[in-house]
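Just dropping this structure here.
Chains here go by letter, A, B and C, matching the order in which they are written, and residues are numbered from 1 within each.
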Amino acid sequence: MHSPRDGQGVAAAAAGVAHPALGVATPAAKTRRPISLWLVFCALSSLLLLFMIIAPLIVCLWGSFTTLKVMGAGSERGAGWEQVTTSRDEEKAESQSAAASVDLGVFAKGARNIAGSVTTFWYQYVWEVYGGTLHLSLMLAVISICICIVLGVLGGYALVRYTFFGKNLIEEMILLPLSLPGIAVAVALIETYGVLRGSWVIILFGHLLYTLPFMMQSVTNTLRSFDFVTLEQAASSMGAGPWQRLRYILLPNLKHAIIVGSLLVFAISLGEFNASFLLNTPFNQTFPAALYDSYTNDSFQVSSAATCIFMFIVIPALMAMQLIGGKEMRDIGGA
Amino acid sequence: MSYEIRLHDLSKIYPDGTVALGGVSFICPRSACTTLVGPSGSGKTTILKIISGLLDASGGTVSFDDRVMTHLPPEKRNIGMVFQSYALFPNMTVLENVEFGLLVRKVSAADRRRRALEALESVQIAPLAQRRIRQLSGGQQQRVALARAIVFQPDILLLDEPLSALDAKIRQELRGELAASLRQFKITAVYVTHDQEEAMALGDQVVVMDHGKIMQIGTPFEVYARPANEFVARFIGTANLYDVEIQRSANAHFHIRLGFSEVSVAEDTFRQRWPGVAGGSAQLMCRPQDVSIAELSNAHARIRISSLLFLGDRIRITGETENGKTMRFEAHNTTKISVGDVVPIRLDLDCIHIIPVAD
Amino acid sequence: MMRHWLGALYIMPLTVFFVAVMVYPFFNMVFQGFIPSQAMLEAGSAMSTADGEYIVTWDELTLANYLSVFTDDHIRSGLTLSLAISVIVSFVSIFLCIGPAWLLVRKEFPGKRMFRAILTVPMAFSGIIIGFLAVIMIGRIGAIPLITDWLFGIPVAEALAYSLTGLGIAYIWFQIPRATLNLESAIRKFDWDLESAARSLGASPFQTVRYVLLPLLTPAIVSTMAVTFAVSMGSFGVALLLLKKATVLPLEIYTQMYSTLAFELSAALSVQLAVVTVGVNYFLRRYGERHYAFAS
């Protein structure tokens, strides 16, 4: 704390204006303002959320590397690890859909016997069994990104630059998937394009439907933020043709938005479950659908390893997006 | 009840090391308006926020008379504040906005209404009481903000650039009204502005600031006519500044060597007008209106006119002295001169000012 | 004008895509919903062709599928649970996320970007992964019960994942980024001079919240709830993995489709789910936008 400084105020002296009795401050008890309850609430809820997000990821990571032997008989799917679903057999019989029940059986012994060592065996197993689905998912994500960039830039440009009949309707339509339940879309797709079932094209449709709005938002937010229309008019006043405007004005300014949008498209496409799962056949199984298989059939460790592989791919993409994304990200909370 | 505001050694240093305010002390006299003026980043708004309690000082104290307020939250200080953006609550009507200060002071509904209407009456917008904020013009919003700040009879009134969001014409108009209102309220007011004309028009005391330091405190006349340093001279009004050499001659006169001319002043007069100046290097300041075109016989210098700007009622003239110094002054719009002319000029010796050169 | 044609031309591929993949399938599904489901057809005077395909005549179209939401207790309970959990989860996630959102806007602290990035993580996680994480944390033999059992001798939250509370927690998990980012953007747009003004006029922090902050932030909160509600309503993976006896509407649609093979019924339910979700979302969003206008 500062104690009242002796002497006069610097400036008052400089101005030659004498003020009496400047030293009013008795060094009385300086009560600091108390930290507000509100701040405490903010900090506590932040910590709770951080715990909620991080703790499961840590457990999952640990599970994917541990060698702890757990209860139950050996699984048919690989040697030496167990299915933990046995206890719920009755319910399994009741409903096919309610089959999933991976449990952390490993902890039963793990808590007492923390002697497990580290192995990468589970990852090898996942790679062998589900590697193909991961491949398909990555391919779909990359194709989605390419199509999203072309359609998103073209469409975003049209929406910001021009007015035309039905513009508002089209804008609403593009944003509709953000609130449309994925399962309804999946059911509609199956019942309409049932012919395509078994092909990855129909899954790609589902992915595009849910990723395009994000790319569009990223592009239109950026275009609106820098008064693109005036810039383009300025460029054409200097004699730039459509191609030159695209090359020197539009794309350089959109680079950031396209990168952020692509990362988001990548993450969402890779994690998309509804269409993937409902349209899934052995020929076009994507990684999230495979994850479901893993959760219902494999042991905790294999499931963890599969989940971790997913996280290793998606979390860096999300982090990168956060770190480079500025205003584009800000208004893309919706979805 | 009104108080005097005593600021002692106030400083504000942000965590990133920016010094917004570096140890500032002064007193805002009771029932008078003190204007804080300076360029942006000079710390004037910081002082206002510290007085209001919206910002914690890093050091120093704020007291209203003898009551130390430094660590009191804003709502316990009984201040009225007018914001640059007006900060009128968009979820309330005009009347509700004005009533707000009374509402939180638990004044009864009927009383609240009566006093709020009175306040609106005093700023001449009572008919707008039921309007929404969005339906008001900038000038009307400014009046509501003022009514809201004074309705609960605060001890101190703080105004943060209240006119800067308005068009030039309305600003002129409201400045006069605001000056009258402040006199009428007889309240201790602190008024922050970056407009030096506004500062002089409204302030009983003007505090000129730069880079978190006080440059000068004084009445509007003192600040304008007798600036303490070059910054104040340049910031307040337009100034012609020249480096000069001052010599005392045997016949009890000081000779001010301008370079293009020489002026002598009797020693008594000199000592009285510029007590801080001993001799040697200094700066001479003359305002544009202290320079006029004169007969050759009593002229101080001759200048060659390099540009003319017609402003309607007068002409702004820029000229060069014989040794290449620039001089700006003004003349009546009927003056017949043109660029390239050489004209004799005269300084009004009663108005020139000498600024000691800082070490 | 030529310009307009150009704009329509550029938007054309996008429009065609959305019509083909969303609008047309949706209306097709609406129509499918009117066809009596196979069970009903077989019971009645079903006509089948040589290919085994049913040909439905106009007078056979029925409202039965659409009405089953009211007539079938199981389906009705699914809808009720969906609505209830979506509303509750929306409120709770607003409550939990307003603090972090406020910190992100109003406070500077080390690791802020990292904090924000971590809060965004659940964004790309699909429902089943979240269900799995819920199982390993608060399942029958999850990490939290085991660790607390080991430390204190009492398993906390054992098998919580399979209860409705556990389902709610899992739902909140994937609302974290949505709620936080939406609220953050709203708080960022808020004119903080208004808060200062209220304090300077003598309002205590509580009064400031009561008279100024809350009324002005309500539209933003409503807009955020529009998002969280829609996402909760549509969520399917979590329930697929966690729910055993109870059902939510998306899960019911899936069961009708793959277990009962009642395609037409699931089509009708999908239509209803979509209409309710999009409708509520649209209504809340419009409310938020209309009242935002006041605040700016």
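What we mean here is this: a residue touches a chain if its C-beta (ideal position, glycine included) is under 8 Å from a C-beta of that chain, and two chains touch if they have at least 3 such contacts.
These numbers come from a predicted model, not from an experiment.
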Pair with more cross-chain C-beta pairs in contact, given A-C and B-C: A-C
Chain nearest the global centroid, as defined over all protein CA atoms shown: A
Separation of chain A from chain B, taking each centre as the mean of its C-alpha atoms, in whole Å: 54
Euclidean distance of C-alpha centroids - chain A vs chain C, Å: 16
Inter-centroid spacing, chain C versus chain B (mean Cα positions, whole Å): 57
Residue numbers of chain A (touch at least two other chains): none
Sites on chain C at which at least two other chains make contact: 205
For chain B, residues contacting two or more additional chains: 73
Touch list for chain A against partner chain C, complex: 36, 38, 41-46, 48-50, 52-57, 59-60, 63, 87-88, 91, 95-98, 100-105, 107-108, 110-112, 150-151, 154-155, 157-159, 161-165, 167, 170, 173-174, 176-185, 187-193, 205-206, 208-209, 212, 267-268, 270-274, 277-278, 288, 291-292, 295, 300, 303-304, 307, 310, 314-315, 317-319, 321-323, 329-335
Contacting residues of chain C [partner chain A, same complex]: 3-11, 13-15, 17-18, 21-26, 28-29, 32, 95-100, 102-103, 113, 115-129, 131-137, 139-143, 146-147, 149-150, 169, 172-173, 176-182, 184-185, 188, 205, 224, 226-227, 230-231, 233-234, 236-237, 240-244, 250-251, 253-255, 257-259, 263, 266-267, 270-271, 273-274, 277-278, 281-282
Chain B-facing residues of chain C, complex: 108, 191, 193-194, 196-205, 207, 211-212, 215-216, 294-296
Complex interface listing, chain B residues touching chain C: 15, 52-54, 73-75, 78-81, 83-85, 87-91, 100-101, 103-105, 132, 134, 148-149, 152, 158
